[in-house]
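Take this structure first; my questions come after.
Think of it as A, B and C in the order they're written, each chain with its own count starting at 1.
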Amino acid sequence: MEFTGSHILSIAQFQRADIERVFQVADTMEPYALRRKVTRVLEGAILGNMFFEASTRTRVSFGSAFNLLGGEVRETTGFKTSAISKGESLFDTARVLSGYSDVICMRHPEAGSVAEFAEGSRVPVINGGDGANEHPTQALLDLYTIRKELAGRGRDIDNLRIAMIGDLKHGRTVHSLCKLLCLFSNIQLILVSPPELAMPESIVEALCAAGHKVQISEDLTESIVSVDIAYSTRIQEERFESKEEADQYRGRFRLNQSIYTQYCEPNTVIMHPLPRDSRACANELDNDLNLNPNLAIFRQADNGVLVRMALFALVLNVADQVDAHARDVIWHTGR
Amino acid sequence: MEFTGSHILSIAQFQRADIERVFQVADTMEPYALRRKVTRVLEGAILGNMFFEASTRTRVSFGSAFNLLGGEVRETTGFKTSAISKGESLFDTARVLSGYSDVICMRHPEAGSVAEFAEGSRVPVINGGDGANEHPTQALLDLYTIRKELAGRGRDIDNLRIAMIGDLKHGRTVHSLCKLLCLFSNIQLILVSPPELAMPESIVEALCAAGHKVQISEDLTESIVSVDIAYSTRIQEERFESKEEADQYRGRFRLNQSIYTQYCEPNTVIMHPLPRDSRACANELDNDLNLNPNLAIFRQADNGVLVRMALFALVLNVADQVDAHARDVIWHTGR
Amino acid sequence: MEFTGSHILSIAQFQRADIERVFQVADTMEPYALRRKVTRVLEGAILGNMFFEASTRTRVSFGSAFNLLGGEVRETTGFKTSAISKGESLFDTARVLSGYSDVICMRHPEAGSVAEFAEGSRVPVINGGDGANEHPTQALLDLYTIRKELAGRGRDIDNLRIAMIGDLKHGRTVHSLCKLLCLFSNIQLILVSPPELAMPESIVEALCAAGHKVQISEDLTESIVSVDIAYSTRIQEERFESKEEADQYRGRFRLNQSIYTQYCEPNTVIMHPLPRDSRACANELDNDLNLNPNLAIFRQADNGVLVRMALFALVLNVADQVDAHARDVIWHTGR
């Protein structure tokens, strides 16, 4: 695809070569995110960070990514404060707001809203999540994390062995990740969930059509024995029909250090899209994994900044100029 | 008037020469707003963008205008989060907040509040809208749009023919625009509204006293036959005493492409202060006008950035230094 | 203490020499806050201004302080929009958010929350207020104000005579100020409050143990006769058991110009942590003191910017580089 001036609305836009281009640019952003250098390549540019649905971390991640390239950020949070609630069309909103910035990141609770907004926009729009539909930068940062975590081990996305655990029915992130994985070859997936929360059939079919090997399971411990990545997602109680049904699964999809030690290969990487529910009743990742060096969940969040910097740089066509506007960092950085 | 260091609270402050000075500076801002150049003239300056009433587009427009001059923006939105709700006077609020910035833009739901705030402020305050009272930058951008749209046709604000349509009783923007028009000469106005929502008598008198020709009408189609500008405003249902009364007028003030084609002169410019209610039941501008090149509603919004940049530059006395701090734009811009 | 890379969580971290170091750096920030010069020392750095409890002035003060050093600010306000409400631990929140900035200022309604957050953070965290617990920058700006107000009179924090007036039981600011005063010598305090709202015994004991002279009083006028500083705080009606009890004290702790003239020494400095309740029923400082040159309440707020700039400069280790990145101010400044 041609990145310059394009909207980034869906992972369906990406071919394998496009993903590799994003990841290659993301790699070059690391010195800036780690504060080894500062770049001012986008000094004077403005990001319109339009969050019509609240999401602190995604919003701040996009904003910081733009600041790290030297640009300014104007933003909004929430819905009620917006003219949209007075009957304004997304076309009008986009037409107006796109006069205020060089690029827009938009999040909105309705599926399809960001694409509709993009039609009215005069500047590139990046989808920051449109309801149940897409959150393409999350999918890209997940895949980028897989690639980066495995790189030191001589393994890659091709030939990946991955277990996806939790609510695979409603989890937007695992759906998107599966779609991206269809662009790669020879992947083994184990899909671990209560039967009520199984991965949609259409996605399983797409994975098979891509030549991947898909296994369905309800058993956490047997599923994580031979994988490179254990990708856990949140199971929300309200997804079950009754509390009794929810209780029946309680704890059965929770990964902790003793299960990890007993069942996983030594370097299995643990991922999660965050936020993680740290309360004891949750079906997610135990806090006792925090000292496990293979817990990659916070590196995922860090990688989100790199991927978003890369997308901004590509869409605004400055990827090749970032280093030319670099300076030394003169303040204390712990990293 | 002397702009340097002044508050911009009301259009009553402006003489014709002042308006022409604002517009002349606004013209010089266009290359920056269109991203042909970047200026850093206000690098290091801070705008306090204090919106004690939510208004996404006005807030972002002011903030972007300041960013486009190279400055930083600190801001607040909403009321509950403020000490004002604990009994603090506007004088105190202003005294404190003016220590945090070089200039303040303030919006507040109460009429007169911004002027009261300005008395306590140690930096210039620009009125971003104080309830039913004033929204001076909206009036200026409307007039600037009229001037700019007509310029290519050898016409000007003097000798203007304009129809104002909709709720002329409560519409703050049309009131302010009429007051500004009193500074110009030989204008013909047709005021089109339901009788319950007619323009206040005092404004009609002021227009007549200025030597303008004012016509009152309830008929949209006959009113837009010979005008340079058709300025439409929102009619809110709740302004009528009953739903029956509202229904009686439904659609009678709605302008669409077929009415435009049938009744208007070929180049009649269509304006609206936005947001426009795009739902079918609304009494405003139809979406089928979107392809009409004379629909100036989004150019109005764009012009708001120019006018606000001009006011910042004048109040902070950098209008003559903007170009000296200009640079090339090195990123992709679609405009 | 070593400032570089440290969290600023509590005034208990500070020795007298540390306070003097902060104040000395704060002094050097004045030309920048007064817009006599601009510095860009932190150009490219990002502050994460994380306010999980609303506080417009504290948030904007921190943000402006960072902008005045040349840095960028990403921020959030309020709680509901946060993953914390979905069961995320403060450790996780901190781990993620600290990947987005170079330093974090955090405010949160729960006592101890900021320290817990700091354990997860990979960048320095400054406490912007954690419920009933601490608000260290407020205490520092109060003490800095005392030092600065008295400097011109040949007096100092040592040998200070101060009256603290109002709700001394719940007032976080007076508690913290007392603790800081324990690091200095030979101070006379008069603690003026209704008996139900008296200073906690533990703090009185600490003051006495530091060798200070403490007097308890219920009478405003006799207490302010021989002091350098009259520090007034808000008495909230809801602190009393009944309206009758509240009414009994109404007006008895309110300082106005005529009381000041009748009882105070000519140059007694009046302080208040703000916001001040300006309604007639309030037990605070009367608006008729606004013209009194010894009313230091707005200088306190201004000093907050200096103290926060100093802390950022110290924690990020750029205090010695600020002047090397200075420029002239080219826009109009009223100050």
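By our rule, a residue touches a chain if its C-beta (ideal position, glycine included) is under 8 Å from a C-beta of that chain, and two chains touch if they have at least 3 such contacts.
These numbers were taken from a predicted model, which means no experiment stands behind them.
At the interface between subunit A and subunit C, under half of the residue numbers appear on both sides, which makes the contact a different-residue one. Here the C-alpha atoms of subunit A line up with those of subunit B after a rotation of 120°, rounded in steps of 5. We define each chain's centre as the mean of its Cα atoms; on that basis subunit A and subunit C are separated by 40 Å. For subunit A, the set of residues that touch two or more other chains comprises 72.
By the touch rule above, subunit A contacts subunit B in their complex via residues 4-5, 41-46, 48, 72, 74, 76, 80-83, 86-89, 91-93, 95-97, 99-102, 122-124, 315-318, 321.
Subunit A makes touch with subunit C in their complex at residues 33, 35, 38-40, 54-57, 59-61, 63-64, 67-68, 70, 72-73, 77-78, 274-279, 282, 287, 290, 298, 301-302, 305, 327, 329-335.
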